[in-house]
Structure formats: structure tokens, C-alpha cells
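Labels for the chains are A, B, C and D, by order of writing; each one numbers its residues from 1.
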Amino acid sequence: MIPLSPVFDVLLGLGLLWLAWRVVASRGRFTAVVLFMVFGLVMAIAWARLGAPDLALAEAAISAGITGALLLNACKAAYADPGHPQPGGPATPPPSSARRWLVYAICGGLGTALAATMAWLALGRPDVAPELRDAVSGHAVDNPVTVILLDLRGYDTLLEMAVLLMAFLGLRILMGHRDLAGLHPLPEGVPSMADSLVAMATPILLITALYLFWTGTEAPGGAFQAGALLGALGVMYRLTGRIEPLDHTPAALRLGLILGLGVFAGFACLSLIWSDWPLSYPAMATAGVALTIELAMMISIAVTLTLLFSGSAGIRLARAPVQGP
Amino acid sequence: MTAVVPLAATAGLLFAIGLYGMIGRTGLIHRLLGANIMASAIFLFLVVLSTRGIEASADPVPQAMVLTGIVISVCITAFALGLIRYLRVMTGEDELRRSTRDADGQSADD
Amino acid sequence: MTDPPPLVMAGHTALLLGPLICGLLVYLLPWPRFRDAAPIVLSAGLLVVLWYLSGEMLGTGPVTLALGGHFAPLGIELHVDALALAMLWLTGLVGLAVNVHITASVNLTERFGPEGFRILWLVLWSALNALFVAADLFNIYVLLELSAITAIALVAVSRGPEAVAAATRYLFFALAGSLFFLLGVALVYAKTGLLALRGLESLQWHGPASVFALGLMTLGLAMKAALFPVHAWLPRAHAIAPSAASALLSALVAKAGVYLVIRLWSGPFDGHWPEFLGQSMAVLGAAGIAYGSIQAIRQSRLKLVIAYSTVAQLGYLLLVLPLASVLAWHGVIYHALSHGLAKAALFLAAGNVIFMVGNDRLESLSRGDHRLAGNAMVMALAGVSLAGLPPSGGFIGKWWLINAALESGQWWWALVVGGGGLLTAAYVFRVLRYAMAEPHPDDGRPDLPVKRLPRRMFWPPMLLALGAIALGFAGQWLVPILALGRPGNIAG
Amino acid sequence: MSISTVLTIALVVAGCAFFLAGTVGLLRFPDTHSRLHALTKADNLGLGFICAGLAVHGGSVTGALELAFVWALAMMAATVSAFLIARWADWTSDQ
């Protein structure tokens, strides 16, 4: 390894700390959000540096990309939403200096203790169970992370799909409110250049997503990365007005929303037929079943992310597609 | 690997900075960003852990935990943003009042 | 490890995934009859399953199951013992009552279809069942997030600024709580490379890192459970939610956090904490009892009284940490069961009051209308159990706790239990005094009609309250079940 | 030190210099349009130089093609986003 690398790591760490501090200490919302997106990208660099490029991709796409889009959308909505009366007088009195020092003391103390503990723990090397190594290397699916996500800890992934669905349904409760401005397209119609970029990006994103999905069984990638890419495509379609919001959820969309969770849970129950345990894969068709579940999850993730961003109960393709120049 | 110690220590400090954002600020967006930084700090620590596992390749368990965790944190963030936005539309405020007065609203039964 | 009979595994699968799949079906096919009937049929079926599983467990003892057949350290394990079984029963009973109650009480068709409410609650039910049998740290984290997001959404169902403010406050507490919990999990994994509770129990890894991790996880769980110093979100959230949801949140969701604290302290972390930490946790519990009860006495709205009472009643559960004896263990299980039934009954009854008179101010209870009398009866029965008056489940639980405290020589905890009972009696009788009071001559206005209460709304809380009382007669009969799978630190 | 290493270092250093210039422009120029002007041109060139340097370093044709593809995609995205930012700047100054 190049001798300069410790310096680089320290600089990377300091950069992350500085960015994080700027995020929490900045005055304006917009500044904080943009700095947070930069923070996410630098974090992705740190992960790539630690030898986890697929996690870095997921962080950049899902965390910095989708979260960033959601946050920017919320900032924009702050201007678009109707009448927010300024409350008479400050809502909360500025925190007393005693309270401020208490917060500093808590955070400083916890940070020091955590940094020391984590550095010390990271140096130790607990034994990785040999059973785990054997199970991962002898599995019909080649990518170790996919083995964990779909088989060994598949139950967690199932529940994670439930969290995704619940996030949308939780938002759905709030959506009935008439005063909430949806996500409007840009003020004077759709800019032609963005539209042509979307047209151009569609095949590239589709192919990349399918590639990520397909390669997930043997190399970094899988349903979540692919679903996030498709979700990003949905976000672009929504921004350029190719997708319109609806105030109800059509049956097909409902099916798309619950498909991943439903297929996974149904599989868990069905597997009692060929084995004693739920969620165990049939010996003959492990890879095929895994791929089916991943496909269903990819569709659900894409649909849910698009709907979460759109901030509406449903969506449909725009009747009259926007014409180019 | 040399990256382990500085980045693990960074993770600990990042968590504290995120916590400051969460309890030291009043603006809800800033508090939410603080929570996201806390989550990122934990994920960074888990990624650090994944480098020291099986010699040839990384330890896949922390990596799977990070992937699950990222998706969950995006979901919670999206839901929280919806609540924050709705709160602003209804009350015009970007923060939670620290009032001691008891809520006098009605629940949805009636 | 011997495999349990296939039917046992199938039964647990039904408990874990049944409500979830039912929720998905109801969401996909929102026919009114189907969406009302399916959850009721499901909850009745799950009670049968629970009956079968309890019988099996009497023969075999506590069971450890593994999803996909991958036992630790490969995959995710489930562990079912008496405490878990008690909580599963509680969930099943409260779930049945709530399912019947919401067919008449929650009517949100205009903006948010009832199927949306159903799926939120059915997934919450799955998450709770899963939490009570979970035996894997990261799995617990995911389940905590799932139960939190559904619970918060259920609070937000009551729209309006107060509800959204309460839901947002709840969300930030839950978010901080789950992050602290996840941080603790990460530290445990860094130190041991394990996530399964069973593996951690058999590993010798005492040290400052384990106490640090335990502290972080406990702090996180305390935020979720609204234990005393970090309780600020609970009263408003539980008071503003639709009453059927309040019943679930108070009787089950908040309790799940305390349940996990007890699980962790007496399971994998047993022996890692010095004695004074156990005592200080119980001191926090006692402070919660005092604070919650006094606040409950000062409230002027019925649902706030009941919500503050939850802050108080959860404190009793922490007393098992310093006491650590068989009697205390039984007492805590009994207290959890009877409090859950009584609290759910009270919230459903409060919902009925709102349904009938339009608000839940205490003065409204003294309307002198005979239609309110049945409901007051429910509150009286549930209140008797809550205050620990004989004959009731609450009485047995508290009696055992007091005896455990006296046996171990820690008489001060007996005082806490007794004093807490007195305070509880104070706020219960304050509510009943309003309910029994002769109406003020000016208040009996005929222009304020009292709506007739459907039977579907009256009987669920009534039966829950009667169940809480009936537990008082079943003590000796249930002891052999309660003894299954006591943790190691509790002497036999 | 082989000729390809020297070439790589030269190209990457040139790329970094363009990035530096672009960033200085971003920080120093007075309004949105001139900032965009500094940023897009300098950064696209800088990225191009760095991709070329890496392609020389990698030494394979497919690698070079992939890097060229990366550069092309980044340029497309940069073009459109610069256009959108400029339009937004016009729109807000009109208000």
C-alpha cells in the first residue's frame, strides 16, 4: 500500500467531520441539505476506500441521491406550500446557556468515549464463525451479501420491505390534506433540455438497472440498487411531467406496492411445504426462487420510491407526452 | 488495513455531531439531518468492521446490515419529511413547541 | 438441537406472518365485508394457534426456532418462553378486541380508506408478535423500526395540528431510540462478531465495552418505551391517537420496549452489569411510577389520565431487575398481562365515551345518562385491576412483587409497589367519582344527546376488563406455564 | 519510471489544475452565470484529462472505452444541469 494512505484516511475523516459539523451548525435549511448531500458523497468515497464499492454505490444512489432529492423537495415545498402564518413571537425561547453547555457536554463526552471505544474495537479481530464461511461459500448464489440478504437473514429483508411499504402508507395518511401542494413541475412548463436528457437517460438507466439486478447473484448489485435506479428514473419522469399525480391509488399500483413484500411473505409460508422451516429455499431451485423474489422486490422498491418522492397517492403516465423542441 | 483506526474514530465523533444536531438544534429539518448523520456514522463503523472479517473477502454480515439500514433510514426520512411538511402547513412552525400545556385536541373517534 | 414438530413451526409462522399477509390482502381487496371480517377471523384463528402452542410448550419447555433452518450464528433465531408466550397471548386478546371494536369505531372513508388503517395495524401486530419472540439483535432493530413507523402513522391518523405535532415528537424520540439501539448492536458485533442472543449468552465477554453497549441499547429502548426521564412523547401521542390505536400503543407497543430491556438484562447481559445499575434502573422505574401517577391525577381529560397511567405502570416492570427472584418474575409477567388487558379496556372505553358524548373531558362523564353507565362499569372493572385491588390480575402481580421484595430484604421496593397502588387508586377513583356524580342541574341539558353505543363497541372493552379481573382467579393454575424458561439469573 | 506513468501523472495533474481553476472561479466570480461558465467548462475538461490519464494508466481498450463513456455521461448531465441552473437564475431574477 502507498505510504501516503494514512494521511489520506485522516484527511477523509477530518473532511467528513467538518462537513457534518457544517450540516448541523448551518443556519439555513437549504445550505444544510446541500451540504448533507456532499457529506453523503464523501461518505461513499470513504466506503469505497474501505473496500466496499457496492455499499458505496448504494450509499451514493439511495442515501445521497434519493434522500437528497426528498430533502430538496421538502425545502422547495417550504416555499410552495400555502399560508404559513408566522407565529407571534419566537416559538421556543432560545435555549439557556446552561442547557447549551449541557448539550455540548453530552455530545463531547459521548463522542470521545465512542471514538475511543470504536477505534479500540475495530482493531480487535473476533473469529468469524467457520459455519458462516462455509455456508456463504457453498451457496447456490455466489455474491456473499446477497446470500445474507436473501437467505441467511432473509427475514430482515422481508421486514425491511414492510418498513418501505409502511413509510408510504404513513405518508398516505397525510396526503389527503387539500392544502399540501404536490410536487409541481417547473413553473413555466417543462424545459426542453431536461426532457431530452430524460429521454436519453431512460434506456441507459433501464439497462443499468437490469444489469445490476441480474448481476446481484454473483457480484455486487441486487434488488435494492436496481430498484433505487428505477426509482430515480421515476423521479426524473415525475420532475419532467411525464408522470402525473393521482389522488387515489389504482389497483395496479397497489399490487406493485405490495408485490415484493407479498411474494416474499408468500414464499415464507409456502416453504413449509418442502421443509420444516419457513423461508428455506428448495434445494433444486435456490437461484431461481431468489431471482423471482428479487425481481418482485425491485418492482416494489421502484414504485414505492417514486410514490414517496411524488408525494401523491398515485401516479399515471401523462396523457399527452411532452413534445421536444 | 490502515484505514481502520482513523475512520472508526471518525464514526464515533460523527455520531456525536449528529446527536448535537438532533438535540441541540430546534429546526426540524436540521434535527432530521442530525439523525441521518448519526445513522451514517453507525454505517461507517459497520463498514469498517466488514473489512476485518474473512481474510480473502469482506465480512458480508455488516455489509448486509448496512444495506438494510440504509433503506430503512431513507424510509423513515421520507415519512418524517411528510410529517414536518404537514406540521408546517397546519401550524406555520418549523419546530416543536416546548410547551408544558397539555394537548387539548380531539382524537379521530368522533 | 432437536427440531420441533412441524406444526409448531407452522403455528409460529402463522403468528409472525398471518397478520401481515392478512393486511396485504385487505389492502389489495378493500371490500367492506372482507376487510371487517378477515382480521376478526384471523385473530380468532391465532388464539387457537396460541392455545395449541401453549399446550405443546408445557410438554417440551421453551423452544428455539430458526428461520430457514439456519441456527445461530448463521441466521435469525426465534426464542419462545413463558414471558414471550404471555405477551403473545396479550397481543392476541387485545388484537381480537380491537379488531371487533374498529369495525364500528374507526370511520375514515372520506380521505383515508379504512383498509389503510387496517394494514397499518395488522403489520404492527405482526411486528409485535415478532418482537416478542425475537432472539437476534439486528432483527430486533428492524422490528423496532417497523413497529415505530406503524405506531407513529397510527397516531397521525387523527389529523389536525395536535396529532401531527404529537406524531412528529414521537417520531424524533423513536428515531433517536432506534439509532442508540443500533449503535449498541454495532458495538456488540464489533466485540463479539455475534448477533444472536443465544450465542452471546454462552460467550464470556465481560468488560467495559459490554456495559457501554448495554447502556446505549437500554437508552434506546427506554426512548421507545417512554420510561421515565425520556417519556415526554407518550402522553400526547397516546391521548390524541384514535382510541383503538391508543389501546394498542399503550397496552402493547410501549410495553414491548420494556420487555426487551428485561430480555437483554436478564438474558445475554446477565452478570455484565454491577448490582447498583439494576437498583438505579428500578429507581428510575419508581420515579416513573410517582411522576406518572401524580400527572394522571392532575389531568382533566380521560385519555390523558389513562396515558399518564401508562408512564406509571411501565415502571413496575423494571423492579424485576434488582429483585431477580421467581416470585418477582411471575409478578412482572402477571403485571404485564393484567395491565395490558386493563389499559386496552380503558382506552377502548374512553373511545366509547368520545363516541357517545363527543369529547373525553372528565366533566362529560357525569351526564347521568344510563347509556354511559355500562361504560363506567368497564372503567371501574379495569380500574380495580390497574390499582391492584383484589380480586384481580393486578392484585396478584403486585402481591407477588411485594412478597418478592420482602423476601429479598429490599423492603423499599415493597413500599414503592404499595404506594404506587395507592396513587393509582387515587386517579382511578377520581375518574369514577366524575362518572358516578349526580349531574349538575345545569348539565343535564336534553339538547346534548348521548349517542347509542353499538354492541360491537361495548363488549370488547367489557370482556378485556373482565379478563383482567379473571386473571386474579387463575394465578395458581397459570404458575406451571409461568415457570417455563425463566432466565438463568433467577434462582429456582 | 515508464513513459506511461509519466503521461498518466502529467494528464492527471493537468486535470486537477483545471478543477482547481474551476473551483476558484466558482468561489470568486460575482454572479450565477459567470460561475457556471467557470465551473462547467473547466470541470468538463478536467474530468476529461483525468479520464484520459486513467485510461493510459489502465492500458486496456475496454477500460478506455468505459472511461470515455463515463466522461460523455458526466458531460451530458453537466450540460443539462447548468442549463437548468441558469434558467432558474433568470427566473428568480425576473421575479
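Convention: a contact is a pair of C-beta atoms (placed from the backbone, for glycine too) under 8 Å apart; a residue touches a chain by one contact, two chains touch by 3 or more.
As the structure is a computational prediction, the values presented were derived from the model and not from experiment.
S.K.: Tally the contacting C-beta pairs at the A-B interface and at the B-C interface, and name the larger one.
M.R.: Pair with the higher count of C-beta contacts: A-B.
S.K.: Nearest whole angstrom, what separates the Cα centre of chain A from the Cα centre of chain B?
M.R.: 13
S.K.: Provide the C-alpha centroid distance between chain B and chain C, rounded to the nearest whole angstrom.
M.R.: 26
S.K.: What is the distance in Å between the mean C-alpha positions of chain A and chain C?
M.R.: 31
S.K.: Distance from the CA centroid of chain C to that of chain D, rounded to the nearest Å?
M.R.: Averaging C-alpha atoms per chain gives centres 58 Å apart.
S.K.: Please set out, as single numbers or ranges, the residues of chain B touching at least two other chains.
M.R.: In chain B, 15, 19, 23, 45, 49, 61, 68, 72, 75-76, 79, 83-84, 86, 91, 97 touch at least two other chains.
S.K.: What positions in chain A touch 2 or more of the other chains?
M.R.: Correct list: 113-114, 117-118, 121-122, 128, 132, 153, 156, 160, 163, 166-167, 170, 174, 177.
S.K.: Which chain D residues touch at least two other chains?
M.R.: none
S.K.: Which of the chains touch, listed as pairs?
M.R.: A-B, A-C, A-D, B-C
S.K.: Touching chain C in the complex: which residues of chain B?
M.R.: 15, 19, 22-23, 28, 31, 35, 38-39, 42, 45-46, 49, 61-62, 65, 68-69, 72, 75-76, 79-80, 83-84, 86-87, 90-91, 96-97, 102-110
S.K.: Mind listing the chain A positions that touch chain C in their complex?
M.R.: 113-114, 117-118, 120-122, 124, 126-129, 131-132, 135, 151-156, 159-160, 162-163, 165-167, 169-170, 172-174, 176-177, 251, 254-255, 258, 261-262, 265-266, 268-269, 271-272, 275-281
S.K.: Along chain C, where are the residues that touch chain A in the complex?
M.R.: Interface residues on chain C, with respect to chain A: 3, 6, 9-10, 13, 16-17, 20-21, 24, 27-28, 65-70, 73-76, 110-112, 116, 119-120, 123, 126-127, 130, 138-139, 142-143, 145-146, 149-150, 152-153, 156-157, 159, 164, 183, 187, 190-194, 208-209, 212.
S.K.: For the complex, which residues does chain C have touching chain B?
M.R.: Going by the criterion above, the answer is residues 105-106, 108, 138, 142, 145, 149, 152-153, 156-169, 171-172, 175-176, 179, 182-183, 186, 189-190, 195, 235-236, 239-243, 246, 299-301, 303-304, 351, 354-355, 358-360.
S.K.: Hey, which residues of chain A end up touching chain B in the complex?
M.R.: Residue positions touching the partner: 1, 5-6, 9-10, 12-14, 16-17, 20-21, 23-24, 26, 29, 32-33, 36, 39-40, 43, 46-47, 49-52, 54-55, 58-59, 62-63, 66-67, 70-71, 73-75, 77-78, 81-87, 91-92, 95, 100, 103-104, 106-108, 110-119, 121-123, 125, 128, 132-133, 136, 144-145, 147-149, 153, 156-157, 160, 163-164, 166-167, 170-171, 174, 177, 179-180, 224, 301, 308-309, 311.
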